[in-house]
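Chains here go by letter, A, B, C, D, E, F and G, matching the order in which they are written, and residues are numbered from 1 within each.
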Amino acid sequence: MAQALAIDWPRILGTTIKILLLLFLAFALLRLGGAAIDRFLQERDRLGPMNGRRVKTLRTLLKSGFKYTIYFVTLVTVLNLFGVRVEAILAGAGVVGLAVGFGAQNLVRDVITGFFILLEDQFAVGDYITIAGVSGTVENMELRVTRLRDFSGQLHIVPNGQIKQVTNHSRGNLQALVDVGVAYEENLERVMTVLQEICEQVARDLADVIAEGPKVLGVVNFGQSDVVIRILAYTKPLQQWYVERELRRRIKDAFDREGIEIPYPRTVVLNMSGGEKNAQVSGW
Amino acid sequence: MAQALAIDWPRILGTTIKILLLLFLAFALLRLGGAAIDRFLQERDRLGPMNGRRVKTLRTLLKSGFKYTIYFVTLVTVLNLFGVRVEAILAGAGVVGLAVGFGAQNLVRDVITGFFILLEDQFAVGDYITIAGVSGTVENMELRVTRLRDFSGQLHIVPNGQIKQVTNHSRGNLQALVDVGVAYEENLERVMTVLQEICEQVARDLADVIAEGPKVLGVVNFGQSDVVIRILAYTKPLQQWYVERELRRRIKDAFDREGIEIPYPRTVVLNMSGGEKNAQVSGW
Amino acid sequence: MAQALAIDWPRILGTTIKILLLLFLAFALLRLGGAAIDRFLQERDRLGPMNGRRVKTLRTLLKSGFKYTIYFVTLVTVLNLFGVRVEAILAGAGVVGLAVGFGAQNLVRDVITGFFILLEDQFAVGDYITIAGVSGTVENMELRVTRLRDFSGQLHIVPNGQIKQVTNHSRGNLQALVDVGVAYEENLERVMTVLQEICEQVARDLADVIAEGPKVLGVVNFGQSDVVIRILAYTKPLQQWYVERELRRRIKDAFDREGIEIPYPRTVVLNMSGGEKNAQVSGW
Amino acid sequence: MAQALAIDWPRILGTTIKILLLLFLAFALLRLGGAAIDRFLQERDRLGPMNGRRVKTLRTLLKSGFKYTIYFVTLVTVLNLFGVRVEAILAGAGVVGLAVGFGAQNLVRDVITGFFILLEDQFAVGDYITIAGVSGTVENMELRVTRLRDFSGQLHIVPNGQIKQVTNHSRGNLQALVDVGVAYEENLERVMTVLQEICEQVARDLADVIAEGPKVLGVVNFGQSDVVIRILAYTKPLQQWYVERELRRRIKDAFDREGIEIPYPRTVVLNMSGGEKNAQVSGW
Amino acid sequence: MAQALAIDWPRILGTTIKILLLLFLAFALLRLGGAAIDRFLQERDRLGPMNGRRVKTLRTLLKSGFKYTIYFVTLVTVLNLFGVRVEAILAGAGVVGLAVGFGAQNLVRDVITGFFILLEDQFAVGDYITIAGVSGTVENMELRVTRLRDFSGQLHIVPNGQIKQVTNHSRGNLQALVDVGVAYEENLERVMTVLQEICEQVARDLADVIAEGPKVLGVVNFGQSDVVIRILAYTKPLQQWYVERELRRRIKDAFDREGIEIPYPRTVVLNMSGGEKNAQVSGW
Amino acid sequence: MAQALAIDWPRILGTTIKILLLLFLAFALLRLGGAAIDRFLQERDRLGPMNGRRVKTLRTLLKSGFKYTIYFVTLVTVLNLFGVRVEAILAGAGVVGLAVGFGAQNLVRDVITGFFILLEDQFAVGDYITIAGVSGTVENMELRVTRLRDFSGQLHIVPNGQIKQVTNHSRGNLQALVDVGVAYEENLERVMTVLQEICEQVARDLADVIAEGPKVLGVVNFGQSDVVIRILAYTKPLQQWYVERELRRRIKDAFDREGIEIPYPRTVVLNMSGGEKNAQVSGW
Amino acid sequence: MAQALAIDWPRILGTTIKILLLLFLAFALLRLGGAAIDRFLQERDRLGPMNGRRVKTLRTLLKSGFKYTIYFVTLVTVLNLFGVRVEAILAGAGVVGLAVGFGAQNLVRDVITGFFILLEDQFAVGDYITIAGVSGTVENMELRVTRLRDFSGQLHIVPNGQIKQVTNHSRGNLQALVDVGVAYEENLERVMTVLQEICEQVARDLADVIAEGPKVLGVVNFGQSDVVIRILAYTKPLQQWYVERELRRRIKDAFDREGIEIPYPRTVVLNMSGGEKNAQVSGW
């Protein structure tokens, strides 16, 4: 047994040197390859016009693919230097294979999903999207992960395999929606006229961010204390909250001016200071 | 080892050229094939009348199938040029196969589900549907994904394999439903007569969007402060909200005119300003 | 490589023609087969009486089975024409097999479940059922999917494999249940006598839709402001809501007449306008 | 190709006749077999006393097993007539096998679970049980599905594989529980004496449905406006609601008579009509 | 074909007789084996003292194991008589094997989990436990299922494989916890002295069920209308509710006597009968 | 057949004796092995100092491993005596193997997770931890299960495979957090001075359990009726609740003394005893 | 059988000695290896500048990989000494292999995910992150587990395979958000001017922690009793709560000074002390 544990120092040294060389080579290749891809795409760009987004997609695809290939080849070579026959393991179907196969399926799914997201142009860097329960602006896309930054400043790193469905907020006009409750006593005609005037003003003043002018939709609910009226507009992506705030501010001003009330909650109280029931109970 | 890492420049150059050629060919084929399918269907159309929706389905099916076939063949050929024996991997059952097989099952499921959605005509471009928890108008259908745009302007991209069941809102008349609460003091007969009149008016005025005239259903609930009466109509798809708003507006007008009250929440208050319990506590 | 990409025009033409012929044949067969099944069942019907539901089931089963067989055979033949050896793939166990096998298991499950639903007569066209979280009237049943239309007019398309358990509302009498809250001050005996009278009236007047006369069950809850009394009836399928509305309308009328109160929420208020605590805080 | 699609009419006719014969035979066997099982069990019954539930179980088991065997044999024979080598498919492990194997595992699980439910006598026809989220009276049990009818009249059809755990309400006495809230001002001793008297009365009057007399358990909660006292009894299965209603009715009567109050929600209000804060705001 | 369907009456008769004999044998063996195990354990018991729970466990284990072995052997023999080569199916890996293997994994998991529950003495008959979301007293344990009866009298039958984690309430003292809210105006020192006295009384009076005397923990929350004080005790298993009710009863009594108030919900009301806002709206 | 069922009494007797011997041997070995491990670790302990927790871990590991090895060997030997070729089954891949393999994966996962918990010293006996949704003090750890006792006295037995992530409350100081609401009318400066004084007192008085003195964090919320101020401290493990109660008690005292108010919920009431709306409705 | 159970004492002794030697060797190697890696990285560091985080990552990777390799080799060697042919089991595909393969997949997934987290630098020691539902500061990262300490002082140990997506709070500025409700009666212009002044002050005073000055966003909601105005800032990581508290304190001060009201909840009360309904009911 002592023999089995004897240490073959020269072989260890040789292997160590080989590994260091290999890692250096891999590192150099990664640098060179990335630069080559960039230069190639610039050349391509100069020859003729090409859609910017497509170029970006192609670059991500090429760079990511190149990077993971280098990683994989380096890993396999290093493991071979240690005497681990990776090819044999990958071809076999024993326990190791089973465990690795199951454990790695997430990895495979990440890459496949990432590939299709790129191929189908589901979202691009800079889009504001919702995936896997988090919303944010895409900071970076790779074959395996997508990085989002949300409004609160947090960075979300989502493996692509976790992306079941994509909601993209940057591919079309978005809806600005303001619900206003007015008292049951108000004259609906008059309220709607006032609101319609505000809508027209806003449509004029914010013409640069509004796609489809705000309009008064009508009575969408009989509330407990108010009649709820809805105003609707379509705006440039991510401008909807700004338009809503602006609409609210102007409505508040106009209602103050016109004497239209946004009602507080109301309750009808029936007072009962004695009577049948009290008579039954002793005392209080 | 140096030898193993030596670079065979001519072979790399040759392979690069072959790949570029291949990609160009694939791109050209995609363009030509798509055009050919369009022309073929137009010819077919001219020969005799054919259901428009079926033509659209056939086109999507043919184009999607053609596109994915080209993708797949190109990928396999490129990988072969790099020396990756795709056929061997696909036929084998080693770890790679296992991982890829598991990872790819989502892809297969997407395509199979997409195929059946098209075959069974579950929905078509332009329908308003609910799938996988999101609702919207179908903008685009392919074998792998469906794109929906909802009312708020967001674009949802749903892989077909995520679609468990489909709810189609555009295949028949939809229900418009308005619940009105009136005070317990009101005379139900009179209230219902007023509501019935409104229903008849609306049925006349909005005849173009209403399929089955609004009618007063009856008392559906004894609320805490009101008796709830339901009005029901069937309308053309997506017109239900418009009809509901119109009904609400007219009910508000009629009730104002007729002096029928939509009650605020009510509470009976029994005042108790002293007594047994207070006597026990010291002070207040 | 150029050679590998050379195009064998005559072969392409020949294949195209074969495919068109095949598709035409498949289409024709579908039409003829469907008609044949219909005629066969009509003949069978004329020979002797047979349960209508069984005939319908048999027709669905035969037509669906026939349709999917034709689809499958056509697909396999077309793929063979393209040189895809379907039989080999289906027999093998490589990666493609694995992915397809996993991806297709939903399809298999749909058909198996659909087969058992038909065989065990779990529901039939026209029944009002609840499956997979949606309720509606069955519009259409096939081996793979079931189509429901709910009261709001939406069409739900549910793959049969999604059906875990079936709730059928059309196989027996359904329960109509009305809970009435009366004030604690009321005399329970008198209230119950009034309710019992209404029950008897309704049993008489709606005898055609009521299976088991409404009866007063008793006090089911001590509410915060009311004693809750329950009335129960069994009605013909889907008539329960109508009976409930009718009961509610008559109860409201009778209570108005008899001076029995359905109470508003009540609160006992103990006023405290000064005292120990207030004395502690400075000011207000 | 035309040849491949030529139709061998005589063979089709022959096959059709064979299938019809086969279906007729299967139908006849099902009828005869069912009758034979019934007669056998009646004979067995006459020979000596045997537990009725066991006979029922045995009958269900035998009939279900017989039915599914006939179905299976018929299906295999019909498929063989069409040239589908079922035995080969079942023995192989190709894609079809994989898909069918996965798809059919639900079926297998249904039958295995159903077998154990019968074997272990977990419930029988007529029991009121809760399985897979639905409650109802068992109308019918088979190896694959269980049919329940709930109180609202709906029929639930549950595949046995969906049954994770069974709750049987018909295998022992059930609990009737009434919580009564009395005002903090009441004398607890006196209230409990009154409740104890009611309990004794009920135990006497409803002796036929009560297993363990109702008793006053004590104070189970200090509510916001009341002290909550609990009364507990054990009754014959499904009689618990009746006993609870009866207890509630008598408690209401006794409390009216004895002048014990079931309190309304109470709130202490501290009035503040001016002061420091108001002074700060301009105006109102 | 007629030949294939010809019926070999003598063979059927012979097989039937064999099966009946076999079932009778199996039945007899079950009875004899059960009795033998009981006698063996009694003998063993007489020879020397042995932990009662261990004997119970051993008996359950032996009887359950014996029972399932007999079932299994009988089933295999019967199937062999019908010509179903069970051994071949079990050894093979075809579709049937796959489906059965997947379908039966629940069964295997039930037995393995049950074996470990017995081996590790996680709970015993008579313990009050919580498993798989239901609580109750263990009525019966077997290798495959556990039967619980809860306080409401319902019988829960839980397959052991559904038991993820066990909560045993009968293996140590349980906590009795009473939260009392007193008014902000009360003197905390005095309240705590009163409570402490009650705790000491209870510790004396209920010494037989209390393990660790109730003590006043302190202020655990500043409520909206009260300061919440917590009392804690440890009691014999399942006596905690009794001790809590007793504590509550005595606290109510002591507070009545001492004039300490358990406060009703309180609200400060600022009245505003006119002012700036009202002036703006027309009318009311 | 009678022959096949003949009973070979001598062989049964022999086997029974062998099994009893075997069980006795296994039992003896378990006892001896456990003692040997204990003695070995004591010897080891005497030779040189060794971390107490590591010794405990090593003991659990050795004893658990030894116990399960003995169980496994005994089981296999017994099964072999019955003629069940365990090795063959374990090596094969038939249906039995599949079912057992799936069924046993939970067992394997339990042991693997348990091994890593021990190896990585995630928690030790006596720690207060949260795993798999339950919290408690670790009473006992083994390779397969962990036993926790929570504050309410219940014993939770959690298979290690159910432990997804561990929260250990005994590896560092814990946070004590008290939120105090004061009236909007209070002077924040003064309130904070008072609170700061209490913090300093507590830091002095409870120095033995406090790690990082309580400090006033500031205004964390504008409540409906109060300004919420937060106080924060870090304490020795499990002392946080004690420190919180102590802080609350002293705050109550100080506020009483200083006349600072913890406000009741407040509501502004606008009285309206007549007006436009009332005028519309008939009557009240 | 006695023979099979005979104990080969010399072999047991030899094996025990070998194992102890082996464990000692493994322990020594772990120490030496760890030190060697540290020294190597220090040397590397001295040669030239290198990103600190990358060095840390490399160290974790090398140490973790080294540790698990030693564990694995030791385990396999020990098992071989006991005669367990690990290599054969790993290569085979029997039941043991299946169970181990499934059971170990979590382990494999942990390591693969951990490797990618390190490789992609998703988070580093000291970052404040949210993973798998818990938030905290990273105390320690390894290939298999990540240790977090949250603000309440608890230590969370999360296996890397449980990490679906990472939210990193330390990679950019975070948002501080304060919502202020002001009474409907207030003049919005004036309120906003006051708030804007506070924002400017805070931006000046807290310039060291604020990245993007707080600004008044506008009206984000019409509340029931207040108009809600939002203030927004971006701060250095984890300083957002401090900035929010500071903003709130200053707003409270300024509003006190300026007489701007943060309103209490308001309710409009319509008193009704008699009338139509009361007239109907007898008595009170």
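Here is the rule we go by: a residue touches a chain if its C-beta (ideal position, glycine included) is under 8 Å from a C-beta of that chain, and two chains touch if they have at least 3 such contacts.
Not measured: the values here are computed from a predicted model.
After Cα superposition, the angle needed to carry chain B onto chain G is 105 degrees, rounded to a multiple of 5. Taking shared numbers over all numbers used, the chain D to chain E interface scores under half, which places it in the different class. Note on chain placement: the centre of chain B and the centre of chain D lie 35 Å apart, centres being C-alpha means.
A straight line joining the Cα centres of chain A and chain G is 20 Å long.
Look at where the CA atoms of chain C average out and do the same for chain G: the two points lie 44 Å apart.
Contact with two or more other chains is made by residues 92-93, 98, 100, 102, 104, 106-107, 184-185, 225, 264, 266-272, 276-278, 282-284 of chain E. Residues 18, 21-22, 25, 89-93, 96-98, 100-102, 104-109, 111-113, 116, 119-120, 122, 130, 164-169, 171-175, 177, 184, 188, 217-222, 224-225, 227, 234, 266-273, 277-278, 282-284 of chain D are the ones that touch chain E when the two sit in their complex.
The touching residues of chain D, counted against chain C in their complex, run 1, 5, 71, 92-96, 98-100, 102-104, 106-107, 132, 134, 144-145, 149, 151-159, 162, 180-181, 225, 241, 245-246, 248-249, 252-253, 262-272, 274-277.
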